[in-house]
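Here chain A shows up in two complexes: once beside chain B, once beside chain C.
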Partner chain A sequence: MKKVVIEPVSRVEGHGKVTLHVDDDGQVQEARLHIVEFRGFERFIEGRPYWELPLVVQRLCGICPVSHHLAAGKAIDQIAGVSQLSAPAEKLRRLMHWGQTLQSHALHFFHLASPDLLFGMQSEVEKRNVVAVIEAYPDIALKGVKLRKYGQDIIKAISGKKVHGIAAIPGGMNRALKPEEIRTLKEPLNDIIAWSKDAVDIARSLYEQNQPFNANFASLSTPYLSLVSSNGDWEIYDGNMRIKEPNGDIFKDQYPCSEYFNLINEQVKNWSYMKFPFLVEKGTEQGWYRVGPLARVNNCDRFSTPLAEAARQQFMAQSSYGLPHATLAYHWARMIEVLHCAEAIQDILNDNDLTSEDLKRDGQRQATGIGVIEAPRGTLFHHYEVNEDDQVTMANLIVSTTSNNRAMNESIRKVANDHLSGQTLTPELLNLVEVAIRAYDPCLSCATHAMGKMPLQVELLNQQGQQLDKITRSHTGEIA
Partner chain B sequence: MLKGDTESKIKLLVYGIGNASRGDDALGPELLARLKQHMLNNQQDANNLFQITLEEAFQLQPEHIYDFEHQDMILFLDADARFSEGTCFTKISGNSLAMKQAYVSHALPPEQLLAMHESLTDEETPPAFALSMGAQHMELEEGLSEQAKTNLAEAEQLLLTLLNSSLDQWQTQATI
Partner chain C sequence: MSDQTIPCIELNGKPIPFQAGESIMQAATQAGVYIPHLCHHPDVSPHGSCRVCIVKVNGRVKASCITPAEEGAVVESECDEIRQLRKRLIQMLFVEGNHFCPSCEMSGQCQLQALAYDLNMLDTHFDHFYPNRAIDCTHPDIILDRDRCINCDLCVRASAQIDNKQALSLGGRGQQTHLQANCESGLLKDSGIESQDKAMHICPVGALLPKNNHYPQITGERIYDKAPISEVGNVRPENHQGDQTKGPIS
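Coming up: the complex of A and B.
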């Protein structure tokens, strides 16, 4: 078997390396996305007092600190013996999470994905970057920045700070919103909803403009895992798990998050720091699944807000049989979620509970806590065990990028098989591989940002492990 | 956010960038914390030239362009893994080259943020400088490496000197 290596993946968080293993017939038998940053999470957490967790886990990821904060918050609620928050506390957490999802999706779509979508994957490399978007579509770029800022404003209002804020505490929330803060957040909401609707229209029309190519590109027929509410609504803060088969049949429904370890196991491979989760009943080869916006939109029965629900119905209508499986449809699904978050934020900002001081519940101390939420990139599991001295003795985290690990590898393999010509790696192939990975919006670095740390590489290897070709894009964008 | 005391001074926005739990990546926030402490300890005689606003971020993101409003100057404090020893003080600007080069991450380098400000707002982009500190270890762990502590001390001295220097002197000291 021969091997092709692509490194590094640009506009994907962190730095990575892709190896393509080809057989004697030139078919890519296996693609491996090597990610070096996912290590040490559990070691970082173990030994700390449990009540510190919502604060310290924010440092795991510079992209979605709020997701880690709230997942840890849910886990320590259970350790504090609280199974049901007060209504005001839960509403504040939901508002914070909608703000987080809105800003995260906006950043990804407008800043990272839109160059590929607006200019096309085959356009010249120099054009596929955010500067070109700003030059050609300044209105779109500015809307993206403002959506992002609005989500951040919500997070800051609730947690008190842009970073390292304290919102979730054991059994509740740290503070309520003030009426003047709510008034300020309400002011731009009509624009936020209008821009979110525009974003759905942009994502949908870009997808439909080249539907045959986009539907096939990096497409995989997989099961989907996500949370849903008790009545099957789209849900990102609470609820239970639903898994759908590729044809849309339900494999598991209302599966309790507290028993996730009976549903999912993780396979370790000697070439990757990142594990490979799989559904226990289906086994390692058949049990891999996808999470994130596409999974959530495919799995839910409905959105609870009218504009997002209308957009969902239009989205689902693209597939006459089974579920939409196009990897590039992640972008479209992502923008539907932005629209729902904007609508949900508008609704909840009219709720008087947001200013209530009934924020904390108490209970009988427990030894275990499992917090599961939907982070922007997919289902996020935080599982802790603590001793009598309140120290964490066991931590298990399954982050959403890990759940999509196998899927990213399979999408790369499909792209390479569809577009690799001979034994030569081209900048065009490098970019197509990046586009496939980017659709999942993986977060590879989890919080280092420093200059000089962000490159990616692709390598082609034969069956003997000999390198046939290699292509690298440096952190400054140069290809070598 | 901590502000200096008068409106007549040069408005300086100081950004400390980094993650306190990522080894030497903590250099930016650490230097920012030292500056904050210095300002609290020296309310009467410090910062004669500048009205300072302090901001901290894990990573720079597009919405940070709105922090530039009403600022006269910007200073970014950051770890830099391209060198391990010492500090580097540079004048930086947003230009299209910087933007084209910097598309590899969710995070933005300062040059790209400045360029986005220039392109997306009607305001004049303030002059900007970067004080970078050499960094080596950025694994998920707490605490600076010994070399990073040395670099931090050097950067602190330079920063305090700069805060008693005019804009012309900043320009003279900076490499381009």
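Coming up: the complex of A and C.
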């Protein structure tokens, strides 16, 4: 019996679908998170003038558009022949990206993930949403909302809008900050740093209070890929790539972003529109890796700000050998990054360069631009080729969630193997699968976690592809 | 000459003086009354093609840019019927081309977009044509993006009447009408158009754009972010003063 797994006709946005393939012994051999939405950005930007790229590709996402905007911005700097921005332009971009990371992480942790963590993974669906968090934990919820708002305020001050503004132009930025805008952004900073510190404490205590379950849940021993600065500091705007082995050994260090295509390749599978990146040297089966907050915190030598660095040391101390691999530790790492962003924002808002009009550099036109940046969800690659008439002829985008594709599947497989009972799918298992996926903060969860009722379907298939069981939760929370 | 001897039309209930030979549009502009338009510009001859400047003249719908002002004519430019007709015209222009406002350099400074906002256009009403239109980036300093072109002919007239070049023309017929470089190769680089030409600085949308000075303003600081086109008029970014909220209506 041939089973059609993907139905591209019914591209319901945000519809999560998982199939679990079990062998005769009931062991889950493979889990597949199906991504059935097709975007096509790489094709429809072909032919467009290259300076439009930051504004076009930021529409990939409504949560982390700044990451796409700045990755494309870095790429078009290179096409414009600018290898080094003016100091004011680079500082504005960094500030914008810290604001973006802060708001995106706050959104994910407080609005999307905290209901699972505060109420428990098996709490009723009606309770697992941010409204319920506001009712039960108003102080925590309010801090989360305000943290996110502050990050958005920074983005709006620089680009004119909280979402999808205008900032990066070839070789620089289009506008400096005004002194009064900086004064306004400084006002709540002490609270922002205090709330960020509280967020780290909340994430850590939630993680630690349910040990060893949390350490084992969906946990994978994987390599980690991220950017680091030239001296090994945590870095999200620039720098080179570092890859650590699961035991903490360095596999690659200061690997130039301009040669990413020699390091990473992408595998295509016929059941998902999302590709499967892998490290070329390790091959498709051994070469998958993880990106995002856990990767960045595991990979860096230090944070450049004191509170975040202290938090990082506490985080790393949880693992006596190798690196912390717990998938749920993503949340803890994410909040450490929030704290660092808040500290870094405080430092840079005292920098007079932010009001300087020295914003643009020029150079000799190039045919290629490769912009690599750390988006909130992980390393983001934008690669463009341009013809002599300034039109884009090739685009290759490897977005963060793509890099975590295999890891998400493996985490689902582990959860299923640990918690699947016989050949029957239960609402409890469905909840656990969802929690595992959400830890990675994939775009899927951003798009679909509508008030805690992410539409999700899980199928159980035997080795012949026959369906053994199926469970579906609709957007209204009904189980069928 | 006393006031009684100056001929007037009645525009939206108020007397508006005019001089012999002036169009209703010219009389309104002189009096500081904005009548929405796209293919009209005071520096070139009227064309009457976009029809956005329609008004009711003694009960009949006419294009004000090519209708002479006549003594005692009763003109309505802002009644519900006219605004609804204008909205349909703007909607037709949107579906006829490919207007990607979110990434367009002229967003916030585009007269088509500004009129859509001013007319409270919330959808395109008609089915999109999704035409396949070629972009011409061959010129070293200028791009011609036909997706955005509304075939208003302003650049064609400006090139011929002000720049004395005839660098551009409208080719094709009906739905296939398109702006073209008026030269044998058909490529903009061979048309003779230059950055400083009036033809480059008269486009009401973003069909002809320079290859430098991209996105000079953030959202919130562009011309029509600050005030509607009915107050600001049809203003090009290069002619717009930073804090101008009510400029010369043109």
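Observations on the model:
Throughout what follows, the second predicted complex is superposed on the first by the 450 of 480 C-alpha atoms of A that agree within 3 Å, B and C clash if a C-alpha of one lies under 4 Å from a C-alpha of the other, contacts with A are read in each partner's own complex, and residues count from 1 in each chain.
To be clear about the criterion, contacts are C-beta pairs under 8 Å (C-beta built on N, C-alpha and C of every residue); 3 or more make two chains touch, one makes a residue touch a chain.
None of the values given here were measured: they were computed from a predicted structure.
Between chain B and chain C, B touches the greater number of residues of chain A. In the superposition on chain A, contact of A:63 is made with chain B only, not with chain C. In the superposed pair of complexes, A:367 makes contact with neither chain B nor chain C. By the touch criterion defined above, A:394 lies against neither chain B nor chain C after alignment on the C-alpha atoms of chain A. With both structures placed on the common chain, the touch criterion links A:310 to neither chain B nor chain C. Of the two partner chains, neither chain B nor chain C is touched by A:359. In the superposition on chain A, no contact is made by A:348 with either chain B or chain C. Taken together, the two complexes place residues 56, 59, 164 of chain A in contact with chain B and also with chain C.
Against chain C, in their complex, chain A makes its touches with residues 47-49, 51-52, 55-56, 59, 158-161, 164-167, 169-170, 174-175, 389-391. Residues of chain B that touch chain A in their complex: 17-22, 24-25, 55-63, 65-66, 78-82, 96, 99-107, 109, 112, 115-116, 119-120, 132, 135, 138-141.
Taken together, the chain A residues at the contact with chain B in this complex read 8, 10-14, 39-41, 43-44, 56, 59-60, 62-63, 65, 103, 107-108, 111-112, 115, 126, 129-131, 134-135, 138, 141-142, 144-146, 148-149, 152, 162-164, 443, 445-456, 473, 475-477. On chain C, the positions that touch chain A within their shared complex are 100, 102-103, 105, 135, 137-138, 143, 211, 214-221.
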